[in-house]
């Protein structure tokens, strides 16, 4: 995301949090000249994500606040590690604190959860990827958190990838017709055609129709293994459906190329990040 | 939220999901005249939230789609229960499906998690309330989900409530001065002044200063109990800090009026809701 | 308001005033390198309001223009007093002049009018407050002008305060039910419940129902006095309805806590502020 | 203004007035099925303006509310006359009431004040016109109110008219050069060139330079009369500067073609319009 | 594009064309009850594009206007053929006419020009595709016009396709490193990697590095032919650079899979479409 | 256009071109510290237009990029001439390159085409002017390009000029009535009234009605000549309709004051401008 896109999202977020007058408590009790200094710290082990938008939150409130990232997006931190340091107008820091931490805690939560999935498949070739099950208006940020967690992204929107699912096949009258129509209407020629299959016997027809990528939906590991063997490199393969942290390694061991899981985001809880002020305040 | 506010959020969400051409797979494979019919079902036990924005998602894509809510926001459903039925252009339904379910799954997840907290304090007078730790740009929706889950809201933004926290007291030179300044700058006279206290000995000064509500931060249940006894109705009391599902009842038993918890949202995972098409498609 | 909110309002205002090419007269006749210097002066006695947005207007047109506030918002100035000084590109100053003065003249007009009301109740305890009768899209600015004039604000929007009026009571079937419903649906627990009463005999039922604030609507001073005596501190009291500059003191003398008046804004005319250029131009 | 422009302004206005949850008092106390009926009435003599945006306010809140204009924009009403009738969901009507009346009261106030100026010059040929001293973001609405009051508009923005003022002449090195530059840079050929003159001796040079319209600034009536005689139809003439209701007729009697006055808007107070519900509610 | 996206673009366009009051000429001279009827006709041979947004333009101005498309996007019309018929309020039709025709004339111009390129390669397998050289803010509309003209689209934005060009290779230190980096950072796995080559000797290294698509930039037909033979199906091939209507067939005869040309849009002039009113008006 | 207006257009344009992640190819292959240097050059003879928005495009992507205009808008350049030089982050320059050149190539194309028309009438008094046939959302930029090409603008929108066309006359019941209505509803008094006439015999009635400007529509040069003679300075005259580069001089020779042509924009192709990097990169 370019800076103006982060800025736009931060401005909407601050509008939501400020109400019509702003932080009346802080304005009433903290003089405009009081300076503050503090650190954003990890209150638990986590993988960092969201530094750019957290930083932008402080800068939109007050461009004179100094935000210095100590860690980088994607860094694995232990409890107590410092993520960033802050100094400047105490008023401004207090006003921006909650929205900034809301971004950082959510996104780091997703990166941390994702990282657990990636760790679970260590040493295997399968790549963990996300889905379109993302929080509305946060897709770009959440997809970045997925990358910070060590996984990869799936398509970003409905224009930039073709995935023919069961309803498409039924409505179109068969996989052959569906792939043919998709090819004819391909958004552009740098995009591959993916087809969802639920059963082993759907694989050959899909390949014959021209599928370059197969989404193996809701198959048990033993079935997946057979499917991978059958495909034998004629298309890339992706396992999907009900992937959980405790099942992901078993799926990866089947040899699929990709494992897509909505759980990277669905099951992520926010991690605990806090702004600690210097005691000398 | 008024309809135009839901519509605005849906339009931004669809823009995010459509890309520049839209659902190219569906457009290529599903003819414009094919009709579809289906139900949004709960794939697990849950408390519903998000019906209005899910409905609006289908209507923005196509105002001729018929969306009939079977359950209401706040309803407790069992696995397999129907949330809503849909009929109309199959194309339109498929295009709106994912964004609509993203709203519904997230918000019902929050309502469901909230409901567990509310259940945990059954029979006690303490009210469970939320915090400002909400997903950026989703506050109104998430605060509604909190209500659908049976809990109550805390302030919506920084203008509509006064909460004097430790940093405000320090910066202002004492709780007496902080409350006096806040009173002088009260946004308006229908708003009460809340003060955060971390220790028992801070209670009397806060009450003396004029606090009408006390935020008892990070106190153990035994301390909370003493605090409630000491306050003795001179202000309303709110326990906050590290409230979890397994600790909330113990906190409620101390007699506090309110228990605020970011976990209602932080720890909520999405629940599984799906759109099942009629097999006769 | 945060800077980006002022900036947004200024940009919309300039768009309105510039048309598609901008200030064609100035562009044609004033060379880009000509410098100007001048002062914004009070052409009559007034109370200042609007400095931040006036300053922002010049800065949005040209960030190199130097705007130095001489007076502060809330200052009482005599005819001829300087409000701010300006120097920089003459083109830029001329382009921003009219919109900047439109903000300043309007808002100072409201502050000046408000100040007259506040002066009228000098020595009495009643606080003068505004209403929701504000110019659409200018509420935050006008409410600030009210404060600059020495009065206080009433609620900012329909979420941040409860005021049960006659129609609500009728529709709900009685004041008891109305207050009970409102309490159950209170936006949050830092908000008090206000109830409008038109007659003395409505006071006890309202208090019994749980009203924490009473809006005494359209009562004559003698009635108000009785009402205040009857309430006797059990709730805060607010007189409203047809409050004018020549009646406000009489109302304040009844002992009410608050007097709300739409006239602070309705009856305010713009004050005369002008940009005088140095003769040496 | 086209409907979508009114709608956009109404949506922003409602966002300002609703806060994040909306009219919590009304939602809590007025059931969704209760119907209401009422009339918007003039509480004092006035000239109507703002019907379209008042109507749009109700429709944006709820398209099923029935708003029937009884009077037309520009109509002169006596105290007690009905402006419009309303029926439909009582909730919706109560939610839209205040913002709708804010538009109507303000704009009718401007139309009413304008009408007084127009009446004052009855029988004379001078046309009363407005200026660019309008409330930011309300220019189109206020300029319509000016027309409803019987006066005429001056230019709408800085692109659609050329007015060379004293600073332009000074910066450009003389009126001849200024007009020449303006002609060379005329936005387009359907626009006339106006020149401001403060003294009689500036008239001939301005005409010689090519002025098609003369702004006679801050001249006393006797001077204005001489100016008009001197111009003798070679350009249209416009008196401006400090025009008040009690001076406007004297100015008109000098024979000028136009009299422009910021007071039409500056000095306008809101008129009293109210929504009376049927007693049978 | 979904309806709300067309509507948004139309609203901005009308705002641009209306100014602050709208079509004052039409409002003054055409009574609100006068009906009109007419046809949008092709004044020259053309390929239609832009029907949806032209229709939306009339509907945004007035939803009661009846717009009936007679031709479809992509239709080849002769001079005099009717594109659509219109009936309804004459005022509304006149107000929407120019902006609607501006969309239709531009987009049909692009479709018509594109069609000439497509015709030029009749019988050959090469597909004509567009580029990112599109009019700012019109990309989705122009890319649709390309399809209506019978050609295909290239990538829509910088996220949905990888094209490694000369500067990327230089900056990355070689084609091998560049492709490796791109693969590692692939937006997602349904996207192919394209590499630009300017000389025959760059082809083998690009293929070895993993290129799935080759952009053969600015090669003469004889070179292109050799390149195609060398690639021999190991990647898809695309000719680009200086493609003109009179050179496109020669390029297609080399056997490349795709020919991309900015000229489809750059060199397109608007075609002449007009709204003819029924003589009986 | 003021800077914030250019910035807003650039931000929308970049959003269109970036997609949800941005320039993934460049981000993957060009390190963040690599510097670049280059020149935007004219690849053919052209008249420059669009420097301000091209510069803004680079600055929005990265405010540290140095963009130095070598030529000015309106400059006539030969093939190979440098328009501007660039230095700074290579990443930033590559990301902004295409959108910046899209603005510059389009607008310079219009300026160049316009210039040809202006050259064609050298030595004659007729001024070439544009029309409302402009690309939606680009009117201000295109009208500036018209000026850079040496021609003049016609009205910018429907509020800032009155042009009574045939349909208006018919609907109003005659030219006399139409002009009278227009005068009564004139947006303001600095605007002239133009009337379209198709035949010589319509001229006297139009003048008698009060037309100050005559649009002589679709008249052959011989007719135009007669019309000009007949008007004889009683109004300004404008020839319109089917004006082409090869007919414009003949039309100008008839003595008309203005010649308006949609072809200035319709028939303009983009000119070839490119960003050449220093070979030492």
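We just call them A, B, C, D, E and F in the order they show up, numbering each chain from 1.
Just so it is clear, a contact is a pair of C-beta atoms (placed from the backbone, for glycine too) under 8 Å apart; a residue touches a chain by one contact, two chains touch by 3 or more.
Quick caveat, the model's predicted, so the values are computed rather than measured.
Enquirer: Given that chain D and chain F are copies and touch, would you call their interface same or different according to whether over half of its residue numbers are shared?
Expert: same
Enquirer: Of the pairs given as B-E, C-D or D-F, which one copies B-D, with over half of its contacts the same by residue number?
Expert: More than half of the contact pairs of B-D reappear in B-E.
Enquirer: Where the CA atoms of chain D average out and where those of chain E average out, how many Å apart are those spots?
Expert: 45
Enquirer: Return the distance between the CA-based centres of chain A and chain B, expressed in whole Å.
Expert: 22
Enquirer: Which residues belonging to chain F are in contact with no fewer than two other chains?
Expert: Residues 16, 18-22, 139, 156-157, 159-160, 162-163, 186-187 of chain F touch two or more partner chains.
Enquirer: Considering only the defined contacts, which chain A positions touch chain F in the complex?
Expert: Of all residues in chain A, those touching chain F are 1-2, 4-5, 139-140, 143, 156-157, 160.
Enquirer: In the complex, go through chain E and note every residue touching chain D.
Expert: 11, 14-15, 18-22, 60-61
Enquirer: Under the stated contact criterion, what part of chain D meets chain F in this complex?
Expert: Contacts found on chain D: 127, 129, 152-156, 159-163, 186-194, 213, 236, 238, 257-258.
Enquirer: Contact residues on chain E for chain F in the complex?
Expert: Chain E reaches chain F through residues 9, 12-13, 16-31, 34, 36, 90, 94-95, 98-99, 101-103, 105-106, 109, 132-139, 156-160, 162-165, 167-172, 177-178, 181-182, 184-187, 262, 265-270, 277, 281.
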